[in-house]
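Going in written order, the chains are labelled A, B, C, D, E, F, G, H, I, J, K and L, and every chain counts its residues from 1.
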Amino acid sequence: MTVVKSTLPEPARRVAGDALQSTLVDLLGLSLIGKQAHWNIVGPRFRSIHLQLDEVVSAARSFADTVAERSAALGVPPDGRPETIAAAYTLPGPKEGWVRDGEVVQLIADTLETAIGRLRERITATAEPDPVTQDLLIAITSELEKQRWMFDAENWPRGE
Amino acid sequence: MTVVKSTLPEPARRVAGDALQSTLVDLLGLSLIGKQAHWNIVGPRFRSIHLQLDEVVSAARSFADTVAERSAALGVPPDGRPETIAAAYTLPGPKEGWVRDGEVVQLIADTLETAIGRLRERITATAEPDPVTQDLLIAITSELEKQRWMFDAENWPRGE
Amino acid sequence: MTVVKSTLPEPARRVAGDALQSTLVDLLGLSLIGKQAHWNIVGPRFRSIHLQLDEVVSAARSFADTVAERSAALGVPPDGRPETIAAAYTLPGPKEGWVRDGEVVQLIADTLETAIGRLRERITATAEPDPVTQDLLIAITSELEKQRWMFDAENWPRGE
Amino acid sequence: MTVVKSTLPEPARRVAGDALQSTLVDLLGLSLIGKQAHWNIVGPRFRSIHLQLDEVVSAARSFADTVAERSAALGVPPDGRPETIAAAYTLPGPKEGWVRDGEVVQLIADTLETAIGRLRERITATAEPDPVTQDLLIAITSELEKQRWMFDAENWPRGE
Amino acid sequence: MTVVKSTLPEPARRVAGDALQSTLVDLLGLSLIGKQAHWNIVGPRFRSIHLQLDEVVSAARSFADTVAERSAALGVPPDGRPETIAAAYTLPGPKEGWVRDGEVVQLIADTLETAIGRLRERITATAEPDPVTQDLLIAITSELEKQRWMFDAENWPRGE
Amino acid sequence: MTVVKSTLPEPARRVAGDALQSTLVDLLGLSLIGKQAHWNIVGPRFRSIHLQLDEVVSAARSFADTVAERSAALGVPPDGRPETIAAAYTLPGPKEGWVRDGEVVQLIADTLETAIGRLRERITATAEPDPVTQDLLIAITSELEKQRWMFDAENWPRGE
Amino acid sequence: MTVVKSTLPEPARRVAGDALQSTLVDLLGLSLIGKQAHWNIVGPRFRSIHLQLDEVVSAARSFADTVAERSAALGVPPDGRPETIAAAYTLPGPKEGWVRDGEVVQLIADTLETAIGRLRERITATAEPDPVTQDLLIAITSELEKQRWMFDAENWPRGE
Amino acid sequence: MTVVKSTLPEPARRVAGDALQSTLVDLLGLSLIGKQAHWNIVGPRFRSIHLQLDEVVSAARSFADTVAERSAALGVPPDGRPETIAAAYTLPGPKEGWVRDGEVVQLIADTLETAIGRLRERITATAEPDPVTQDLLIAITSELEKQRWMFDAENWPRGE
Amino acid sequence: MTVVKSTLPEPARRVAGDALQSTLVDLLGLSLIGKQAHWNIVGPRFRSIHLQLDEVVSAARSFADTVAERSAALGVPPDGRPETIAAAYTLPGPKEGWVRDGEVVQLIADTLETAIGRLRERITATAEPDPVTQDLLIAITSELEKQRWMFDAENWPRGE
Amino acid sequence: MTVVKSTLPEPARRVAGDALQSTLVDLLGLSLIGKQAHWNIVGPRFRSIHLQLDEVVSAARSFADTVAERSAALGVPPDGRPETIAAAYTLPGPKEGWVRDGEVVQLIADTLETAIGRLRERITATAEPDPVTQDLLIAITSELEKQRWMFDAENWPRGE
Amino acid sequence: MTVVKSTLPEPARRVAGDALQSTLVDLLGLSLIGKQAHWNIVGPRFRSIHLQLDEVVSAARSFADTVAERSAALGVPPDGRPETIAAAYTLPGPKEGWVRDGEVVQLIADTLETAIGRLRERITATAEPDPVTQDLLIAITSELEKQRWMFDAENWPRGE
Amino acid sequence: MTVVKSTLPEPARRVAGDALQSTLVDLLGLSLIGKQAHWNIVGPRFRSIHLQLDEVVSAARSFADTVAERSAALGVPPDGRPETIAAAYTLPGPKEGWVRDGEVVQLIADTLETAIGRLRERITATAEPDPVTQDLLIAITSELEKQRWMFDAENWPRGE
């Protein structure tokens, strides 16, 4: 017996469920590495970027919750356990220990850029099977692209 | 050259740093499995426990931030990266997929009980080297013991 | 003379207007039966579901207002009068008098499922004629699917 | 077996229950036609009356909730289902489609006047059997008389 | 010399003062046993009822303050000392130690029912001597009857 | 032609209208002399009574507005013009210039006592013709009696 | 012995005190006639002007308080008693009973214009003796000129 | 070297960038002429429309900011300088000096209608190249269509 | 079978449980006598001390809740029933009826001093068995010592 | 016939009106170029200055509104249309496209310095004709001088 | 090279800078002695004056910040270091240790009176060189004169 | 006769009193030099550090108040007068005039480090005589260590 019924036919449910599960892992990973950088950043721009990172984390956490609940709403149990994130997370992340402010800016800009690229593929994939899920992915992309711009603008001239 | 200076002598710094790093992993893990259960719970008590779990997650996230920043304040870079959590996390966690309400209550009560036992050891260990860190661990224990009681009271008679 | 001008050409206006009027009736009906259940529920899960139903009602009322104003914005006068709702409302609703908690959960899950099925058809129908209206219908579907999941998860194992 | 016990003896319970059920229908009907007018009003006084109507709706909804819960508190299950409202509602209401501002003002003043007349009878009827219910009906009358005055003052000179 | 003058003639002052003092004891007692149950409840409905009890306590405390200040306003010094409550309190209360959720629901429904019966007598008694005091007693009865309904609805089918 | 229609028959309208007009004058007068005392008080208890007087003024202003709007709601135009207040106001008031704190306390206690006596007569007079107006007068009396008690308690032992 | 000492030499104190006392009477009178119009206005623009008048009253009350306390701060006891206002108030005011919306707008525009003319004289008179008082009069004038513009703009074309 | 990198391929970036730049000019222009009308409106409906215009301005400013930041997020520097707006703005605007209320309503309805027509073209144009930008344009259109309806409803019968 | 499990070994559980139960009685008693004094105080310092007492009551209620929940968290059911308080409460309390302001100040200072002495003993007793409970007792002592100082400072010169 | 009457004699009206119109153009221009820089800034200090610019824009918009309404209050219709700003604006502004953080700081410091110089001339010019307008210009100057200092302090050592 | 440029010519800058620096010292000193009295006051009026002093401190701190930032805005670095305050502060202050309530009232009234006298000289001195600075000094004087009145009114009859 | 009684025996009172008095001087001094740096800082990191310093000042002021009131609560009159601070303050402070951003960061890190060293000694000293005072010193240390870390992280690589 199905535990939670889906409002989508099976193939659509699978496509949307996959897109949401991958997004969940990216967002939870982003929330963890954002905090990691928030705590370990050093350098003259410490305070400004320390605060900026909390906005990334806050957005990532909030979207992760929405994504996971959307997955459940489609009858697909979301998986955000520590071992799952560690196994599935593939975006760039910080090395251990203190990190200089410029490196953090570069890293987060890269991480966001990679995450956005993957989200854009999922936007295309879900357009047909589930426009409701697509709409959520569009909203996430919009926010992450805004965050990425701010880190990229801050990263200029590159290498400074 | 030391990146961030410590206000503690070396041995005290090491004891406090270890206690904080272990606590950080427990709390980040707890925040992840709390959300996992929040999303995957099913059964007639769904709504009540769904909301209760968010209070556990909220407390775990907030204390994780305080713990990590205290570690940094002592000159010890905290480590909350996905791979670190996955490797170091040893508290009980939910299996994949939907979980019945009664199982969730039992699981969280067990997880909190284990976490509290480890915190009490760290309270003893840090009393001498750093009463400031000890005071933070006491505050975390107090909150987790309160949460544990509520899940335990809800878990009675056991097996229901 | 047209009273309120439309920003859409005639056929598009008619498709969008019809989709909005049907949605308005569903949402107003949902807000009424949600309150009916909120007042008449009995059983050990009374308080939890009593509160949950007010969230459904609140969402239904808020979306009904947005839907009706969108209809007006397209030059189509919305109709939410008592006799119209009674005549046009076709979703499942509660019988007269007290209702047991388990029955309420089942009923609302069914009502939401039916409403969602109808919304998905309107999402398809309005995609071409008016993407602005479609976007609103997507947002409503997203919220109702979330509410439905929560009642469905609470309804498990079914028949309990 | 009685589902919800009453704190009133049977005859008092019946009088109070009838007064509350009739008031519930009037208030729910008022909330629906208030919104109908809110959406369909046209004319130079659009904005002012559009906003004023939402205050009527807000009061009607809030009192409807209190009235229905008071009925339940007396062991009388309230009935606010669409078909019940449509069948029992007898106050004046708007015709279909756009309505001019002056007509709206006249209509709402008339509707409120009729509702108040019926409430005053119920105030008399409940004085003896249940002064607690009477007190609630007095509070509703006070608010509706205030709203009626504002529409009446706005309706002067009549026919303008 | 009178310490605080009364605005009522002597016999009226006595009737109103007695009604208020008895109500004060009931409300303070209710606030204490409500908290007792809030702390000692166990069972699967723990969280829901734990929260519900705090609403009873909050209402009882707030009304107790109003009742005592009304008594003072009539020149009658209110008495809410521990020994007075213990001696005068006659409503049902919990036994020592942990209490199961179903028992708590039954107990509070009974306590409220008894308190309401006594309030209704005082409403009759004060109608003539002091309608201002009567109006306060009506307001308290209204709130307690609402709370009682919710516990009674939750208590169904009785014995579950 | 009547400007604002009444919901009361003529004799009832006259009784309620007179009670409201007299109350309006008392409350507006009270708000003015309360401010006068607030500004002109001197003595060691300055700050405490200065603040307490603003609570009297705030209550008087708020009730004056409600009373005047209730009068309008009954079709009786309220009169709160300076010349009307000066001509009709008969409660005790402060003399010109600075006033000692003890005198202020005595004065306000006396003013409130006189106002309350007049309100109690109007409560009796309006019971039959308009219980809605009576209910408002009861609420005003309740608040003014509370304020009076506080000034009276503060005025003890009298003459200090 | 002086009750409250002044921080100004005697002639300056007298000029500033006179300017403040006259302003106090104007503002208290304005607050009373603003409310009178707020309650007695009739006509199609009822709601809009009803609300606008409360902004005038609110500003008048707030400035009256500041003006009276500034007078006290200069050692001049302010006089805002009913009889003083009635005797000293000379700005235009409404007649008894209901007033049409257009007349209200004209009246308030005229009242404000007269008040402003008198304030400008006091601004000139206090410039030398007390720039602190002058600054307050400038702030009042600024606010009343803004209110006057809005009534004047609303009064156009005049006679409508 | 590119200053801010884009997440879109070049042709898509150009289409989206053009759509956003044109929308930015329209919104900034709308915010300026909305304020111009807010300040210069005269006539009996002054207050109501004065307030309504601020809602248009507030929406225009908020969306302008979002649009410009989205442009930057795509690597296209937005241009909202005074000379750019003056050169590129082509929507209808008010003439110099005071404007009667009816003219303002007509003007804003026309301006919004024109702006909406242009937005609908951009919604079509961006669907393929960038659904994220399209989603933002849909949200803007939804809000402007709502505002337009309210001005149009207020403009009826036209010429009044 | 244990109802709520403890996280402490048995002897530690007993010491901490006893300290918490005694503190609970003291705090609940303090909250009752604080209110008693709040209602029955008379004299020129009425208002100031009336307000100050509510801060004591508010602190006592809040800490009582925390203490009782800590006890439950340790597996010890707290007992705050009226009869328990009356039997176990041993701090000084007010006599029946009105009490002069100076006496109230002296009484509360004495009550707090006694309560603090008992708390300091419990701080010593719990240091070893449960530093988490000790930390709570330290926080309560800190607050009560602050309140005591304010009553003591107000009580000077003693006998005034 | 004058549309909005002035409270100033003609020559004074002209001087004050000119000062306000020029100030309006400067402030609207400043709000536009502040946003332009807010969107187009790049470099390591991006976030800090991005946020700081929004405070300039917010102040400029708020003062522009006050200035325009003051002009209207004096019977002088303000002109803030796009073409007027573009034609009359003479303060320094940013070039098209991305701008480095250091350049932005220098530019805003220069713009504010120029605006302040012009405001100081208007303060002198309006002192005699209208001290109310002068007081507003003083307030604007105070705020802009504060903003200028912060950009100037941030611009040191210049050229960095 | 000048670090922070001034917007004033040199002599004006010097006069305004001196006035601001002296005011800064007075306000910082006032904030320190206000707190000293807040902590050390004893006597029956303890609570009322304890709270009143915090309002003085709050105003003093807030104005000190504004004064120092205005000085910086004029290119004059403010000096509020401990040694500067101790050396330059010349207003009356409390002796060491506990102080009786009556003495505190007298002391603060005297301190404020002295501070006001010095501010009035600076108002005259800055009128010509910098009306913006003068406006700030006027605002500070206005607040301190209000505070002084309240302590003076409380100090009557003097010597009590 | 003792003015304010202590709850501690004499030797404990002396140790705790000394620790609190020294801490008070450090915190008041820190609040003054924090503001000094807040006003006088120049350089490209101006805004970020300007804001960060206000958080240090805010924490220092808040803790100073708590420390002084704790001292009073122990019967030891605290001393925070200007001359006392100037004489007793020994932490590093800024020189007169403008200070570069990098120097400010270094200075505050050093000041906090010194203050923390002294606090840790007082934590040890008060452990036995007064654990309540010790708990407060631990809380202050925790906050200052957090602030110190942020300035230290910002100060890296040192000398930049």
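The rule we apply is simple: a contact is a pair of C-beta atoms (placed from the backbone, for glycine too) under 8 Å apart; a residue touches a chain by one contact, two chains touch by 3 or more.
Just so we're on the same page, UniProt names per chain: A, B, C, D, E, F, G, H, I, J, K, L = DNA starvation/stationary phase protection protein.
Just so it is clear, the structure is predicted and the values come from calculations on it, not from any experiment.
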Chain pair among F-K, A-H or F-G whose interface repeats that of E-I, sharing over half of the contact pairs by residue number: F-G
Distance between the centres, which are taken as Cα means, of subunit J and subunit E, whole angstrom: 62
Inter-chain centre distance, subunit H versus subunit L - centres from mean C-alpha coordinates, in Å: 53
Set of subunit G residues in contact with two or more other chains: 3-4, 42, 45, 48, 69, 72, 98, 135, 153, 156-157
Contacting chain pairs - touch in the sense defined above: A-B, A-C, A-H, A-J, A-L, B-C, B-E, B-I, B-L, C-D, C-E, C-H, D-E, D-F, D-G, D-H, E-F, E-I, F-G, F-I, F-K, G-H, G-J, G-K, H-J, I-K, I-L, J-K, J-L, K-L
Subunit I - residues contacting subunit E, complex: 3-4, 28-29, 32-33, 35-36, 39-40, 42, 61, 64-65, 68-69, 71-72, 77-83, 85-87, 89, 93-94, 96-98
Contact footprint of subunit L on subunit J as seen in their complex: 45, 48-49, 51-52, 102, 105, 150, 153-154, 156-157, 160
Footprint of subunit H on subunit D - complex, ascending: 41-48, 50, 98
Subunit B-facing residues of subunit L, complex: 113, 116-117, 120, 123, 127, 134-135, 138-139, 141-142, 145-146, 148-149, 152-153, 156-158
Residues on subunit F engaged by subunit D in the complex (per definition of touch): 1, 3-5, 7, 69-70, 72-75, 131-132, 135-136
